[in-house]
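A short write-up of the structure that comes next.
Should a chain be cited, it is by its letter among A, B, C and D, assigned in written order, with residues numbered from 1 in that chain.
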């Protein structure tokens, strides 16, 4: 019941790249157009580029809405978050121009195109969850921040307004000083001059470091926990696709899932290089690799593993391994291998048995997945 | 067995909101009144607003003290921290006006109203405990900070006083430079010009990052530990209100209490939405939900659970679930469910049995709480 | 074989406070003396204060060295770190005045008195160990910092020297810009103006955040680990002084030592207050407390415990407890108590048995230490 | 069985030090040469120094490539990363001078010599791995950073361009403001003046703290994890070189490997000093120490241990121990010793047996390594 990954026209990698290029070109053109003293010809060309980008997004929107309509989507495309983002990218600019907004200001709406990046950022949903989970402590720190902000602004207003009426002459001005100081930004446009004002300012700066520290700690802890959780879920699906690992008992699988690290590689990438020090072994979750051994290379497919010699005897890599198609690996570090096999010797034994077979000292059945194993004729080290 | 939430006159949600609105209006008016060049009429209106706010807090204080007197409170209301805060909000302003403080300065005391926020910040008590617990390392870092501050101020005073007498002409001035630099605020109003002075300043900046790092680390670690502890205590009370969880053996309950996450939702909120990916299940600690299944919706009450199909088979949510009253849930993530059930298969079995019953393949007694379970006629997926 | 804590004349608490006062007065006088435009009379008084402080430290040094000589110290006092610090506090100022250094500059050496604070900072030794332990990663980050610093300074020098020769006209000047930017201090005295220079500057700032992050993380992690280790060692000694805890089996003692928190209180301090919510219980490692129960208060001595009712039934504190002498407690939080007793039910049973005895429903022998227990006549709650 | 440390001509410690000195001299000369107003003679000398440094690196390159050619290296030396760095250090400067670049600019290429530091930084490879492992969350935070950067720049451009055309007159200028603000650098060269602009700026600063916090957390967590992993691998090799530790069962060895800390000391270094408090014991992984006991000192070699009395009875060190050759130790803290032996009493027993033998109350065979143990005639405490 795995969720199928649809790869239609509009979701291909090439198209995604094109979309990012259009986005980049649009933003660059928008920035360039604001530079004063631009000659009229360059300006015309930049406007042409902007219209082209807008046209691209408009046609994308049209295709998506039509395709969605055909596909009997559960909900109207224009009500999904993706649809709203696409609409926000296309409509506001012509509308602004129509109602008479000056062109320079209207084109600033190009910055709305940035919203298209949001779904592509894997960590954005993660960040949203972290903020949701840690909402209460973050809110507490924020209220403390606000209280310190206001109290210090009031104090500085009372102390400095007579000496520097143009800097601290009103509470909003004093608040501006407070926010630049409490965040340790320190523009230096408003600086207290009285002795007491400087004492308070120093305390506010030190307090700023503390607020900052709390903020950092809460976000960092939450982010780390969420990330670990997501990795676990992704790894779990991969672990269960490797028969060799799936057959361990449940607590062992849990433990291993925490230790393994996912690695995605494109076609023709070198995974390990002969002669380099080896500090991990690889399980193939999907894809295929070629092991460059003599007399002829060997292919290993999904469910198989390699790189175990480095873990067993600590020597350098004995062969170069290259992917033959986009592949996903589960990487087990030597430290984790040792820690894990200390409690679960069955994994070490199975790996050793397979390694012995590959060295040619054993004639047992290979442990690797059934279909690629039949392609392994002579994977023996000299 | 839900904990009853007392809602008297002065503790209602509406009144709390009103109090925050008054507080916000008062602060905004205080800020606006300090802006120079305000026309007299606006100014009069702002003063009226401020008096109204003050009147509100004064009447609140009066009601509270009278209610407290009737309720035979253990201690005098004016000696509790809440009473002192209320007094500080009301008395100082009229007193200041009486003794002849100019109105502008007197109204600055409105900032004392911010203290009313303190009890409402859940993390403030937490922060107090963290600082109490980590007092010794924090104090150490603070002393190191002070030593570096003074030594660098003395060094810069010795090096720069001849070149910039108006900036580094006295040790207090040099200390001001040191505090803005060590906190990496960097106003730029005093900048060393000699070669040696700049070398020392650079070292001080780098040291500032280190001090900052220590501060951050201590506060963050302490905050995280305290927060975990408080969550545990709150979750423990909720876990023991779910019979299904309470019946596990003690170590399992401890482990589960650490893994569960509390979720409070108001009436008519969607908990899970049909078709969305499911990555957690929910235990109802208090309240009630409606599961939108065909032919007619099913209601689940306190002690029941839902969302378990997503954990068992990894598919999308099969039904939308909506709260019918303010409810509290304990959320179990899929990763925690798997890790937990690896060591405690009895929970997985019980959940599976109930899931099987709900699918209609079993006629066993429901595991959910007694009184709402009788209302579940036909909760079967097609 | 515990190390005896000598408390002679020079190590008393009152004398330590006096020393800090003298230190503070000296530093304040040194600062005040540097303020230009001071009238001569004030100045004379400040100098008198400084000489008095110096005299105090000199006499302290004399007494210490004589006492040390009598006590047949293993090493010469002037060769210990404490002796060197004391010498550095006393000698340099008269020497500087003798060789003709102007008084203003000579008195700056008062800042050497700050070194006397170093032994009093509990975390300073800790910080030293953290830096020793984490020396390699800290050095790595520092070298990366230096490389980025120099490369960005060279780049900005090449790009900006023609436009701003007075700001970026030499590499040392450009380095000054780089260090203020990379530490995110940002004085603003040197700001790149070229497009490329600003691009590089922006990258440097972002890199600065990263360097900062690494630094923070390394120091924070190391500090937390060292602190935990030191707490463990201190708690271990206390735990073994409570017979009730010492008799648990070894793994349980280890686990409990990690969970307990040390609390030192002076005489006549309230430990728990009747009616307050109770979230922890207390073991008395040393000292004595008085439990304010009717008809007459009860005294508990070292080895005893109290506050267990709050953990067993979750209610508020039933009696106020006050220290009768300086005491040290080991505090066990309710969350830790529950987690611990889940794995080690023997502690829970022993605590419950004692609680039952105190409630008067059991006539067993008390579990508390022998000599204070005999003083507990009627500690029963109504 | 110590790992042999190869010390050829080009890898000796003296040569490495010389190389760093040359590097430092070159960088200093390059900096000095850029200072305006340098007299011609000094300048000539600096150029001579620079040519000498360049000559040094050129000859090093020549020797290395010739040696490599003789040693039948697997790959061409000029294609290794080390070879490329060496080439980049030597070639660009003469080439630049040849094609007519002004000498001042050409010598700036000396900064390329810094690349030679990269292989010497132990944490650089570590940092690379951390960034590789945490690439996805770091990229997410970076994209969020960019989005906030651009949106705030657009907002400030729209709000401030009329009031401050020379500061916010174009989007690139506004972006410059945004990057200095979001990183909390705050040069203060561009400061918003409108009320709304300042509101947005304040929000951006607070957001900057958040971004910073995420960044810090991700890097710190990753760095800590990688460091722990590397320590484990290094310790593992050392643990297996101590027979006393190697003979524990596998889970115990894993646990101990996590707890031990590596310590490298040169010849004639004091490891423990008589009379000091003892909080750890030492296993000798390689090298030799001399224990200063009466009547004559005792030597302990690789595989032996010392300092165990302090752990067993908590007293001060009974003898001073000094290294007689460069040695590597595994340090076990008292807290870790207690925690470990609680679960693995066999280690405690073995240590106690050996301690008893050393005290002279037992005639058992020593547990220390075979060859040095024969040199221990009379290691008994009085």
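The criterion applied here is as follows: contacts are C-beta pairs under 8 Å (C-beta built on N, C-alpha and C of every residue); 3 or more make two chains touch, one makes a residue touch a chain.
Treat the numbers as computed from the prediction; the structure is a model and nothing was measured.
Undergrad: Relative to subunit B, which chain's C-alpha centre is the most remote?
TA: D
Undergrad: Please compute the angle of the rotation superposing subunit A on subunit B (C-alpha atoms), rounded to a multiple of 5 degrees.
TA: 90
Undergrad: Look at both sides of the subunit C and subunit D contact and report whether the same residue positions are involved, with over half shared, or different ones.
TA: Subunit C vs subunit D: different; shared/all numbers falls short of half.
Undergrad: Please compute the C-alpha centroid of subunit C, do the same for subunit D, then give the distance between them in whole Å.
TA: 28
Undergrad: Could you work out how far the Cα centre of subunit A sits from that of subunit C, in whole Å?
TA: Chain centres of subunit A and subunit C, defined by C-alpha means, are spaced 39 Å apart.
Undergrad: Using the touch definition from the top, which residues of subunit B touch two or more other chains?
TA: Where subunit B meets two or more other chains at a single residue, that happens at 172, 184-188, 212, 216-218, 220-221.
Undergrad: Going by the touch rule set out above, what shape does the chain contact graph take here: line, ring, star, complete or other?
TA: Contact map by chain: complete.
Undergrad: For a test of understanding, state which residues of subunit C touch subunit A in their complex under the given definition.
TA: So the residues of subunit C touching subunit A come out as 184-188, 216.
Undergrad: Subunit D touches which residues of subunit C in the complex?
TA: 1, 3, 74, 133, 136-137, 139-141, 143-144, 147, 150-151, 154, 157-158, 165, 169-172, 175, 181, 184-188, 191, 195, 198, 201-202, 205-206, 208-210, 212-214, 216-218, 220-221, 229, 232-233, 236, 250-251, 253-254
Undergrad: Using the touch rule from the top, collect the residues of subunit D that touch subunit C in their complex.
TA: The touching residues are 27, 30-31, 34-36, 105, 108, 111, 114, 117-118, 120-124, 126-127, 145, 172, 176, 179-180, 183-189, 211-212, 215-221, 223-224, 227, 261, 275, 277, 279, 313-316, 333-335, 338-339, 341-343, 345.
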